[in-house]
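Next come two complexes built around subunit A: one with subunit B, the other with subunit C.
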Partner chain A sequence: MKSVDIISTLRSLPAPEPDAGRMRRTLRLCRAEYRARRPLRRVGAWELMRRQLRFTILPVWALQGALLLFICLALGAARPAEELIPASASLAAELAALTALPFHSRARRYGMEEVEAAARLSRAKLTLARLGAAAVGDAVCVAAAALLSGGGWYVTLVFVATPFLLTTAVSLAALSRAGGVYSAICLGALMALGYYAAAASWSFDMLRISPLLAAGICLAAIAAIAVEMYAEIRGNGMEKRLGYEY
Partner chain B sequence: MRDGELFELLEAGDISALDELIGAYYPEILRYCLRHTPTRECAEDAAQETFLNCVRHIEAYVHRGHFRAWLYKIAANACADQFRRAKDSAEPPERAADEPGYERAELKADLERALAKLPAEQRELLLLRYAHELTLREIAEIRREPMRTVQSRLRAALKALRKLM
Partner chain C sequence: MNIEIQNLTKKFGKKTAVDSVSLTLTPGVWGLIGANGAGKTTLMRMLVGILTPTSGRVLCDGADTREMGEAWRDMLGYLPQSFGYYPEFSVADYLDYMAALKGLEKKAARRKIAELCEILSLTRVYKNKIKKLSGGTQRRVGIAQAMLNDPRVLILDEPTSGLDPGERVRFRNLLSEFARGRIVLISTHIVSDVEYIAAENAVMKAGRIIDAGTTAELLRAVEGRVFTARIPERELERAESAVRVVSLKNEGGGETLVRYVAEGPLLPGSDFAEPRLEDLYLWLFRDERRQDDV
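Take a look at the complex of A and B:
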C-alpha cells in the first residue's frame, strides 16, 4: 500500500459528532470558571522594579552604608597628611565598586537560577532593579569619596572615577567569564590593591597623565561595564549554565 | 474569526468569544480524547477538563498563535489523568474509537488494526499529523521536540505503518 493511500485513509478516519448536551455543559462550566477566576493584574516595568527593591536594597545598602562610614573616617583621618588622600580616595572608590558583588548572581550561587528563570517575572527587569539598587549606593559612596578628597576635578577623575570604573569593569568581566563571585571579588580586589599601591607610591606622577588619556581609560571602562551589564540583563549563557545547551 | 481576534475580544470582556473559541476546538479535542481514553464518557470528561484547565490558565497564556498546540498539550495531560482514573476502576474498557459502521470499511479496519500494533509514540505522531492535521511545528511544540526530529520520526512511523498493512 502506498504512503499516499495511507495518509488519505488516516485523514478520512471518522470524526465522531460531539454530543450537543455535553458540549453545552462544557461551555456553561467554562463560562462559570471564567467569571469566577481572579484576573491577574499586569505590573508595569517600574512597579516591578520598585517592588523588587525592597528585597535587594537592605543588604546592599547596609554594606554600602558601612563603607560610607569607613570612607568618611578614613578620608577624615588622612586629611592632616595630604599625600595619603589620593590613595585613600582611590581605595574608597575601589571598595565601593566591590560592594555589589556579594549580592550579585545569588540565585546562580545558591543553585536557584533555574527556579528564578522559570518564574513569570522578567529576568531583565529583576537584574536591572538589583543593578540599579547597587548603583545608587555606589554613586553615593563615590560622591562622598570625591567630595572628601577635596581635590579638583582632575584629582577626582584620576583617583576616584578611574579606579572605580576599572575595578567595576574587571570584576564584572571576571564574574561573567571566570564564572564565580569569589573569583570576581579576588580579581577586583587585586586590581584595587594595584591601583591603591600605584596611587600611594606615584600619586604626583599619576597626576601628570594627560587628561585625554584618563578620560579615554574611563570611557573604555564605561563601555566594558555597559557590555557586561547588557549581557547580564539579557541572561546570556544561561541556557548553557543550566545544561540546556551544549 | 481567528484565534487572535477572539483573544482580543475576550480581553475586552466579550465572553461570547470564549464560547466561539471552545466551540471551534471542541470537536477536534474530543476526537483526540476519544483516541486517548478507554471510553467515550472518559473522552468527554477529558475534553471538558481540557477546556476548564484552559480557562483557568488563560491569563497565563500569552497568545502567540500557538493556541492549538497549547490546547493539545492540555488535552494530552487530561487524557493521561482520565486514563489513569479509568485504569484504577474495575470496569472493562470499551474502545471509544469503535464507532458503529467502522468495520464495514475494510481499509479503515486494516488501518485501525495496524495503528493499534504501532508503538504509542508513532501512533500518536501519525494521528496528530494526519487525522488532526496539526502542523509539524505544532506537533514539535506539543512534544517539546525539535521540528526535524518530529519530521524524521513521522517518516519512520509512516514506514512502520506501511509495513504492517
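Take a look at the complex of A and C:
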C-alpha cells in the first residue's frame, strides 16, 4: 500500500471524541504540577554583579584604584621631563594589565571550581561578570594613562594601547599554559620593564612605526585575548584540572 | 520524582572511567559504594554537570538534565570530595557567597544560613575564618553550602570524612530527615554510614554498577559467607593471609575474635555471623589487594 493511501485511510477513520471529564482531570493535574514546581527566581546581571561585588569585584577595583593613584602621581611627576612621559604611560598601561591577574583563576587555585560549577548560576555568567568588572577597572586606568600622557591618538596607540594589550595577551597565555599566576605576573612584569626601557630610550623611533603595524599588533593581541577569555568562560581544561588524564 | 541514569559513559582516551551505567534513583537515601577508582566521583560529577558524558544521559522526571540547564542545577546540592574555600573567607562569607551563586534572594539566604548553622552546630564558628577550623568543621560548612538552596537532589561525595563519630551520627540523622521526598546520593568508604540510613545502595566496580538494591537484597550475596572465629594470637598472621579479614578484636587471654568473609568456614571454630554492608564490600572487592598486603 502506498504511503499516501495509508495516510488518507488513517485520516478517514473516525476518531473518538475526547472525554470532557478526562480533559478536565488532565488540566487539573497539569495545573497542580505547574503550581507545585520549584519556581526559578530570575537573577539578572545587575544582581549577579552586586552580590559578587564584595567577594570578587571590590578587591580587584581596590588594586586598580591604587594603580590609578600611582598613574596620576607618576605621570604628574614625569611632566617636567617630557621625554619620560611616553615610557611612564606605557609602564602604567602594562601595570593595569597585570592588576587583574592575581584574581584570575582563583577558583582553580583554591579548589572552589567544582562547587562553583555545580551552583545554579552558570560558570559562563559568573566569569563574564568578573571579567566585565575587571575590564571596567582596566578601562579607567588605561584611559587615565592616555589622558595624562597628553599625546594624540598615535601616542596613545603606541605607548598605551599596544603595551596594555600585548601584556594582557602574553600574561593570560602564560597563565593558561605555564599554569602559575606568579609566572604570568613575572612574565608580564618583564614585558613591562622591557617596553618601558624601549620607550624611555627610543620613544621618537617608536613613534615612526607605521600606524597600520601598530594597529595590526593591537588587533592580534585582542584576538589572542579573546581566545583566552573564551577558553576561560567555557571552562576548557576542567577535566585535566580535576586530575583526569587522556 | 526520579532521576534516571541511562547508559552513562565517560572515557578519557582509552580509559573508561564510567562504563554504561544505568540506574534509577528514587526519593530516599542512596548509598554509592565502591573502592578507590571505581568511578563514583566521575559518576557524581556527570550527574551534577561538571563533566560532560561521552555518551548516555541523565533524566529528571523524563527531562534531559543537560537541556534543563539552570533549572537542574537549581535543584541540586553538591559537596565534592575535596572541599576548597578562598583563604580570606569566614564561614559567614562562604555561605553568603554560595547563596549568591545559587541565586538565593538575600533575606531568604540569611534565614536559611541561620537555620543550617543551628542544625550543623556552626553558630559558634560563624564569624571564624574557615582556614582556622578543624577538618570536620570545614566539612560541615561544605555540607551547609550543599543544602543552602533546599535541593531536591543532594549529592555528597565522601561527606563524613573528617567527622568524629558523634558528628557522623548527627549527620546521618539529618540526612534521614532531609531525604523525605528528596533524593540523596552519598558515596562513601565508611560503609556503616550508609548502612544505617540508605534505603538502597549501588555498588560500583571498575566503572560499572555491579549490584544495586536495598541493603537486605545486597546482603544476600554474602549470606552464609561471613564468619567469626576465636583464634590464638600466634595464629593471627596465618589467618590474615588465609582469609579476607573484616575485623579483629582482642578478647584478652591471648585470643582474638576474627570476623572474616570466605566461601566457607576456613578457620577452626568458625561460627556464621549476620552479614553487614562492610562484609559485602570486602567480599565484592576481595581481589583488590590492600596496600599493606603488597
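Simple rule for what comes next: the second predicted complex is superposed on the first by the 193 of 246 C-alpha atoms of A that agree within 3 Å, B and C clash if a C-alpha of one lies under 4 Å from a C-alpha of the other, contacts with A are read in each partner's own complex, and residues count from 1 in each chain.
The rule is simple: a residue touches a chain if its C-beta (ideal position, glycine included) is under 8 Å from a C-beta of that chain, and two chains touch if they have at least 3 such contacts.
This one's a predicted model, so the numbers in the text were calculated from it and none came from an experiment.
Novice: Kindly classify A:P16 by the partners it touches after superposition: subunit B alone (first), subunit C alone (second), both, or neither?
Specialist: After superposing on A, A:P16 lies in contact with subunit B but is clear of subunit C.
Novice: Check the residue A:L40 against both partner chains and state whether it touches subunit B (first), subunit C (second), both, or neither.
Specialist: both
Novice: Pick one for A:V4: touches subunit B only (first), subunit C only (second), both, or neither.
Specialist: Neither partner.
Novice: So, A:A81: does it touch subunit B (first), subunit C (second), both, or neither?
Specialist: Once the two structures are laid over each other on A, A:A81 reaches no partner at all.
Novice: Per the contact definition in the header, classify A:L121: touching subunit B only (first), subunit C only (second), both, or neither.
Specialist: The answer is second: A:L121 touches subunit C but not subunit B.
Novice: Name the contact category of A:L212: first (subunit B only), second (subunit C only), both, or neither.
Specialist: Neither partner.
Novice: Using the superposition on chain A described above, determine whether A:G111 touches subunit B (first), subunit C (second), both, or neither.
Specialist: second
Novice: Who does A:R31 touch here: subunit B (first), subunit C (second), both, or neither?
Specialist: first
Novice: Which residues would you name on subunit A as touching subunit B in one complex and subunit C in the other?
Specialist: Touching subunit B in the first complex and subunit C in the second, residues 40, 120 of subunit A appear in both lists.
Novice: If you look only at subunit A, which of its residues touch subunit B in the complex?
Specialist: 1-3, 6-7, 9-19, 22-23, 25-27, 29-31, 33-35, 37, 39-40, 120
Novice: Can you list the residues on subunit C that touch subunit A in the complex?
Specialist: Going by the criterion above, the answer is residues 12-13, 17, 42, 45, 48-51, 69-71, 73-76, 78-80, 82-87, 93, 97-98, 100-103, 105-106, 142, 145, 149, 152.
Novice: Quick check on the complex: what are the subunit A residues that touch subunit C?
Specialist: Contact set of subunit A toward subunit C: 38, 40-41, 43, 48, 51-52, 55, 106, 110-122, 126, 238-239, 242, 244-246.
Novice: State the interface residues of subunit B toward subunit A in the complex, per the touch definition above.
Specialist: Residues in contact with subunit A: 15, 18-19, 22-23, 26-28, 30-31, 34, 40, 44, 47-48, 51-52, 54-56, 58-60, 99, 102, 107-108, 111, 126-127, 130-131, 133, 158, 161-162, 165.
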